[in-house]
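The letters A, B and C name the chains in turn, as written, and every chain counts its residues from 1.
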Amino acid sequence: MRYVIIGNSAAAIGTVSGIREIDSAGEITIISDEKYHTYSRPLISYWLEGRVSDKNIYYRPDDYYEKNGVKTVLGKKVTKIDTANKSVVLEDGLSVPYDKLMVATGSKPFVPPMNGLDKVHYHTFMSYDSAKAIRSELKDGMKVLIIGAGLIGLKAAEALSEHNVDITVIDMADRVLPSILDARAAQKMQRHIEAHGVKFILGTSAEELTEHSAKLKNGSTVEFDMLIVAVGVRPNTELVADAGGKVERGIITDQTQKTSLDDIYSAGDCTVSHDESSDSEKILALLPNAYMQGEVAGRNMAGRESYYLNAIPMNAIGFWGVHIISAGSYDGEEFVEETESTYKKLVFRDNRLVGYILLGNVARAGIYTSMIKEKIDLNEVDVDLLKQKPQMMMFGKARREEKLGGIVR
Amino acid sequence: MKKVYVNEDWCLACHLCEYYCAAANSGAANMVAAFRNGKKPVSRIQVEEGDKVNFAVQCRHCDGKPCVRGCIAGALSIVDGVVCCDENKCVGCGTCVLSCPFGCVVFDEANHRIQKCDLCLKNHDGEPACVQGCPNKAIVFEER
Amino acid sequence: MPVNYMNPLFEVVRDHDKCIKCRVCERQCANEVHKYDAELDRMVSDEMTCVDCQRCVCLCPVNALKIRPNENRFRDNANWNQQIMTEIYKQADSGGVLLSAMGTPKEYPVYWDKILLNASQVTNPPIDPLREPMETKTFLGKKSQAISYDENGKAHYEKTPYLELDVPIMFSAMSFGSISKNAHESLARAATELGTYYNTGEGGLHEDFYKYGKNTICQVASGRFGVFKGYLDAGAAIEIKMGQGAKPGIGGHLPGMKINDEISKTRMIPKGTDAISPAPHHDIYSIEDLRQLVFSLKEATNWEKPVIVKIAAVHNVAAIASGVARSGADIIAIDGFRGGTGAAPTRIRDNVGIPIELALASVDSRLRDEGIRNDVSIVVGGSIRSAADVVKAVALGADACYIATAALLSMGCHLCRSCNTGKCNWGIATQRADLVKRLNPEVASKRLVNLVTAWNHEIKEMMGGMGINSIEALRGNRLMLRGVGLNPKELEILGIQHAGE
């Protein structure tokens, strides 16, 4: 069996792991347009900050490919999937045949059209190379303008704040981290980040960019020496779309991670997932999701039926020492508790916990996550204890014994 | 595989397991040194206290291992069934805290990383520190 | 009101250099001695309520604690000593009878410590128990006097119910109520594992423990708590409690606040009511009355179970024992005045009764003199502290010993003598659920088994040294004993010679 994996990040590694659970002999080839040994994309901000060394940015040990019997074709872009001949065509014209194909192409930075952007030198912040480019151009006292106050933009801001630069973040939205936080939590986070010297200009966007300044729609002008565009990402769906596969906002797969094309699977940020917490289709661009989808796909590719279920949006991130963990859907009845430094929102619907935001105190959040994923009915738990904090105490003795003691009665 | 289990009938919520765990994993020579000068080493076991019931919780080294699967840094791995954290690689992002259904991964804020039970593989021969330190044998290390 | 200020008995000494403020002392002290002071960021102590149970000392993970006697003294006076003055202050304040727990702490003579054992030299060589068989099994009950043979050569003798003990040690009566359910379970499990017996005391038998019945002695006391047919049938023997060494002539009183659901059910009395055991059995005013009860109980249990009559060691104990032996009892248990109690009036505990050593010697002699020694077995208790005490007791004439204080110590008791407060920090003498939990029967029963196993090894060592390979051969063998520092009267009562004789 010949397995070909396009992509070399979490979904790809998950796929290898899924395949190898079942098939230790099949031939696996990983093809990536990036030249690096598999590295962790979320670690690039830590690398830029200086907390992660060149060595530790890698997602798996040096001997990973060797130990798992993986051949690699690195630094080469796949230009086409030839479904008729069951092969993928590389940019240099070579083709690699497959029996089962994994498309784990992830996503690319989204750069919206802005007047004058074509004449300005700017960075995105998605890859090791992009982080390296930023680091090589950093100079003391620089003014950095980041467009986008989402996860990527703020992670870039945090990393850069370790260097002696002046940072301004602008966003069209009126608050930070709109994808994971509600307005109240966003306000808390914004104040916390501002206290570390980052300036925010929110609710506006760049009207006109020139070499060292951005004229904003609110009339003001921001000077910069470095521009980073971190507005969002778009899934890399072209290969599958061109081959005739079903693509909407992302690549459409079934629960086995198979695309609409025979023997072609897809996993990770390029795919659309079913969000159980809101019962809707979403791109769940998060690393655990990518890895586990890859694993499921890998098993199916190797011939063992496996399904990816119970996916929900979730996120763990921190800025300047303040952690945020959130998961699920925010549509429902809310329970909110707030202190000077913490924020907690629990969202209930259909007599279940369907979502939460924890800011500041995020200890043991996974207990909430599992409640959402397992769709545990509130009648089975002590709701007062649930609201107090995530704790195993809220479950009944029998369930605790089963979960903690391995005792099933 | 032998794991640490807690019998909630005998847990007194004395919290000694937390202190024995923290000291054993602090790298200090003894308990006094581990807590000297207001230091607060992190315990990987946590006691939950209720009106009548108490119990300590620590990594179950469970089958799903969502922490290992979701680790963004490749810091968590499985060594002979034991979920271990490479503290040099961990960046303390909290994805494992988000994923652990038992709430058994704890932040080590001072060192920007997480800590989790590795059954004292590095500190003790035989029994984990929490098991040795439990005054009422509520915590046991056994095959189930 | 300063006049009723009571000196704290103890001083808590904390090494703040070691203390890590883990607060385990605070969490574990039911007397609320320790507290964390957030403002000072250090542990502080209120010594007023400390009973020196040593729980905090034992659990402190850094050995930062010491409990010392309070050095503050009233002006010294050999006659009006500290204790006497304190008691007067207490009574002046309360107007009540002083209560105490466990055995008397007063310095009365301990005859065990004035008796020495023999060992073989040259002739009649010692026996090495590690190499040669050594029997510590013993049987309690009436020993048949005469054996006759019929024409076919078949032996005929009177068979009466008996107890078979793998070790000459049993756990003496402690009721469920005076001690916790977990303590009871520990004793039951240990007795089962050791091949010996524990005793329900007068509190009835918890339904969970019927399964330990073949190692259980079911007590019938003056309050008759928890006594019914099923209870009598459940055990291996029945003990009629006439008296207790720590409080001869006194009944018992378990306060209503300790009568929770389980105790109420087990004792068959309403929840929350005081459980009062009268001083006398209201149906026993003579040996004849006692005989009636013995026979009633035997009849009720189909003559299958030996009956023990337990009496306190008092002045005319020998005559009383003689009467008991003639009442039809199979075993006489004698409890010396140093024996323990969950609660007793201090004056009674400290002033009533006689030492078990003297009581045993005189009872054994009296029964022999009267030719009825084989009609009964003798079990002694009331401060048997070591294997040496057991060996000396057997040599003085006992068939077996009862231990309770030693058993409690092995489970964790530190003899703070505060059982009567119900706040036992070791989970033994308490009914508070959070405290009871502290005694894990898994641990405690193992420790009990360890203790008795260790003693049994020592008994074998000492017997072997004397050249004796069976506990039965040691019984009443007073030639193996010599007194030191005893006056001629004491030696005469003990029936032993002075060392050097």
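Before moving on, here are some points about what is shown:
Note that in this section a contact is a pair of C-beta atoms (placed from the backbone, for glycine too) under 8 Å apart; a residue touches a chain by one contact, two chains touch by 3 or more.
All of these numbers come straight from a predicted model, not from anything done at the bench.
Under the contact definition stated at the top, no chain borders both chain B and chain C. Ranked by how close its C-alpha mean sits to the mean of all protein C-alpha atoms, the top chain is B. With centres defined as mean CA coordinates, chain C is found 43 Å away from chain B. Note on chain placement: the centre of chain A and the centre of chain C lie 70 Å apart, centres being C-alpha means. Chain A and chain B have CA centres that are 28 Å apart.
Chain A contributes residues 10, 14, 40, 42-43, 46, 51-52, 56, 58-61, 287-288, 291-292, 295, 314-318, 321, 323, 325, 327, 362-367, 369-370, 374, 390-393, 397, 400, 403-407 to its touches with chain B in the complex. Contacts from chain B toward chain A in the complex involve residues 3, 5-8, 46, 48-50, 53, 55, 57, 60, 66, 69-70, 72-74, 88-89, 91-107, 109, 112, 144.
Taken in their complex, chain B has these residues touching chain C: 9-10, 12-16, 19-20, 23, 30-32, 34-35, 52, 133, 135-138.
Remark: chain C residues 17-18, 20-24, 27-28, 58-59, 61-62, 433-434, 437-438, 440, 442-443 touch chain B in the complex.
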